[in-house]
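Per-chain numbering from 1; labels A, B, C, D, E and F assigned in written order.
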Amino acid sequence: MEQVIHYEDYALGHVRVTTGRTITETDFVVHAGHTGDFFPHHMDAEFARTLPFGQRIAHGTMVFAIGVGLTATVINPVAFSYGYDRLRFVRPVFIGDTIRTRVTIAAKEDDPKRADKGRVVERCEVLNQRGEVVLAADHILIVDRKPA
Amino acid sequence: MEQVIHYEDYALGHVRVTTGRTITETDFVVHAGHTGDFFPHHMDAEFARTLPFGQRIAHGTMVFAIGVGLTATVINPVAFSYGYDRLRFVRPVFIGDTIRTRVTIAAKEDDPKRADKGRVVERCEVLNQRGEVVLAADHILIVDRKPA
Amino acid sequence: MEQVIHYEDYALGHVRVTTGRTITETDFVVHAGHTGDFFPHHMDAEFARTLPFGQRIAHGTMVFAIGVGLTATVINPVAFSYGYDRLRFVRPVFIGDTIRTRVTIAAKEDDPKRADKGRVVERCEVLNQRGEVVLAADHILIVDRKPA
Amino acid sequence: MEQVIHYEDYALGHVRVTTGRTITETDFVVHAGHTGDFFPHHMDAEFARTLPFGQRIAHGTMVFAIGVGLTATVINPVAFSYGYDRLRFVRPVFIGDTIRTRVTIAAKEDDPKRADKGRVVERCEVLNQRGEVVLAADHILIVDRKPA
Amino acid sequence: MEQVIHYEDYALGHVRVTTGRTITETDFVVHAGHTGDFFPHHMDAEFARTLPFGQRIAHGTMVFAIGVGLTATVINPVAFSYGYDRLRFVRPVFIGDTIRTRVTIAAKEDDPKRADKGRVVERCEVLNQRGEVVLAADHILIVDRKPA
Amino acid sequence: MEQVIHYEDYALGHVRVTTGRTITETDFVVHAGHTGDFFPHHMDAEFARTLPFGQRIAHGTMVFAIGVGLTATVINPVAFSYGYDRLRFVRPVFIGDTIRTRVTIAAKEDDPKRADKGRVVERCEVLNQRGEVVLAADHILIVDRKPA
């Protein structure tokens, strides 16, 4: 669905939460095959048993990519993604955990290079089924200001 | 392959470059299906033709995940990934581009919370076949210091 | 996104069109692997060259599944899918075609077995990049009436 | 395997049953990724626990596509698929259920537009491991009559 | 399809040829992800350009697995696979080549350990669209003799 | 990682063991879809229950392809793969088993056709989590001799 949202229309403090998705063993295998990262922490149940967590843990890049993917429901044609700051892997994600993403409009600031645009910071927090934050990152959007 | 590398053994300024990988239309389709992000910028060739770049562009999360995956060749059992800073989508990646990742040891610093560990910052730059940086990010590793 | 829409709120004749998606060779390969249908009409470019269309054609079940998938953007918690009538494979879909789905509220009728629900018929037409219908089907939804 | 079967050679009432296939969590994940339908009924174990069935249920389009795929063992070069009537989602399919498809030649009729062809209706019933019908549909084949 | 074929019923010199399948870039990507072999010969178009063949070449294990998979149409419940001898990678397979497999009953011999069974050697040759052998292997089946 | 190893530098009797990988139900489904082999021994849990092993068993071609894939960590640019001898399916692999591959330099011999190269035989044994050999094969490498 497309929806035009200008810089002025982002409301500081606004929160939305996505639908949930259970992270399956399939996701582990698909992510390893997609990225080429077959480290035994993710792929070897016997080895993982010897680690502190005692079981396979999700790739950080997967929790990030799926966590961000969950937010991809509305296309804003006057915004583009500049990058992410402070991406942190806060807690492990295990096979069978269910995640959803909470997006908070955390900051708005002038764009130093583009007078007709502003920066919107979306605080993205991926939560597990117990409501614990497992990953956090600040998404920086560059958004058009309303035409004068 | 496993290789123990302590904090002291990371050499500031050391550079390594991974093997390359051609980003295919398959990778676009797999990433959309893996993350649920089917935005037409990535998936609709007709729509993409109307955009400035004139063709489908890779998901930023895919360039990040595959770019990081390319570096996953040596397991250091005394390090773990803390997160990433300043992840930036610098240039678009198109179907058929070939990427590799250049990793530079950019900083070393004390860990504020853990006296027996230090932080190593790996500057990760994903390059295309023309040597242009398409994505950059600072990877923060927490690494054991050598036992006294 | 969840949105409650009761039987009374479906407007006869209402039309919506989904975003588009380019059907890739990857989709052909994934669908064959997912369903086990490796018929050479879909999978063998040499054989397909000898057929009237001169190239590989998409599985009908794929055009149906992806065409329906494109409509899956809003969850209506008071509706469920009963089935489809008059599913027809109208034109072939080739590698590189871009499809989107047009959904028209085509009929509303009492549910013969459930007084508190009604049937809504969504006419689903999958269109290619030239606006031609490639697949059509009548989707039957069973929807709650508004509480009295 | 290719086998020429003319309209006249389809025997009314003939029944065949395919081999079986266990529907796995992997199939759920692959189908969501293939179609873009990530509705929580299929993908979110926590949410599904709150629904009447208490667990994730298979996409109707998946049961249809795999159920039809199971029948794709013999290629009849003088037949093509016209479409399906009365596709019905009769019972839910859960992770771990094993399905096979029973195909009954249910009707034969003249093709209104093509004198040299006839229509054969294959009643397709997808069965679970308890022999219950989970999905039913009437497949309409257009088949060449024998040359005079 | 299941078909009982006893040792005595395998005819020396009998030949069958499977349907064909075009090996796509998707298959390369799927095989790399499935096996973890991302060697640049298969995955890096820029690097492959510098090699004698000038383009990416298929994994040998993929040509073998798909070549064997093409033969998997009839289940013989009184046979099992013992292994393969003389598996040879004869010619490269490129993206877009179409392969099929020719199976010749090449030898029959007593099973040294099992009096009630015999060994059947199926000579498997994977052919490309020019009829050239790209891979060859001798498949050893252990098959029940007819009950006395 | 690339590493030049000439014929003279392969040490007879040298052994290396790869990291491990748990074979998941996902791998079964992916391999079936990749190869087109949907035999019920691999895919139908109900049917498999009636067999001697009582559960689904991995495709032999999958254990081979993944077992070989596990060894693909170092690229030797002066070697190429000639083929495999004595590939044997020694024990079944079940969902949840963890495999790794032990590679022993088992033989070195002149290449009958190429004076500047030699043949190195790598004995590949795929082991399960109990250290049992589940698959064995002799990999034949053709390797450059050191320049005179």
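The rule is short, and it goes like this: a contact is a pair of C-beta atoms (placed from the backbone, for glycine too) under 8 Å apart; a residue touches a chain by one contact, two chains touch by 3 or more.
Note that this is a predicted model, so its numbers are computed, not measured.
Undergrad: Give me the set of chains touching chain D intersected with the set touching chain E.
TA: The shared contacts of chain D and chain E, listed by label, come to A, B, C, F.
Undergrad: Looking only at C-beta pairs that count as contacts, which pair of chains has more of them, B-F or D-F?
TA: Higher C-beta contact count between the two pairs: D-F.
Undergrad: Of all chains present, which has the mean Cα position farthest from that of chain F?
TA: The most remote chain is C.
Undergrad: Could you give the separation in Å between the centres of chain A and chain E, each centre being the mean of its C-alpha atoms?
TA: Those two chain centres are 43 Å apart.
Undergrad: Calculate how many whole Å lie between the centre of chain B and the centre of chain C, each centre taken as the average of the chain's C-alpha atoms.
TA: 38
Undergrad: Just curious, how far off is chain C from chain A if you go by their C-alpha centres, in Å?
TA: A distance of 30 Å separates the two centres.
Undergrad: Roughly how many whole angstrom separate the Cα centroids of chain E and chain F?
TA: Going by mean C-alpha positions, chain E sits 16 Å from chain F.
Undergrad: At which residue positions does chain D touch at least two other chains?
TA: 19, 21, 25-27, 30, 33-34, 36, 38-40, 75 - these are the residues of chain D that touch more than one other chain.
Undergrad: Using the definition of touching given at the top, classify the network of chains in this structure as line, ring, star, complete or other.
TA: Per interface graph, the chains form a complete graph.
Undergrad: Within the complex, which stretch of chain C touches chain F?
TA: Result: residues 30, 32-34, 36, 38 of chain C touch chain F.
Undergrad: Could you pull out which chain D residues touch chain C in their complex?
TA: 21, 27, 30-31, 34-40, 59-62, 64-66, 68-70, 72, 75, 81-89, 137
Undergrad: Looking at the complex, which residues from chain B come into contact with chain C?
TA: Residues 25-26, 28-30, 33, 38-40, 43-47, 56.
Undergrad: Which bits of chain F are touching chain B when the two form their complex?
TA: These residues of chain F touch chain B: 1-2, 19, 73, 75.
Undergrad: Quick one: which bits of chain F touch chain A in the complex? Just the residue numbers, please.
TA: Going by the criterion above, the answer is residues 19-22, 24-27, 30, 96, 98, 129.
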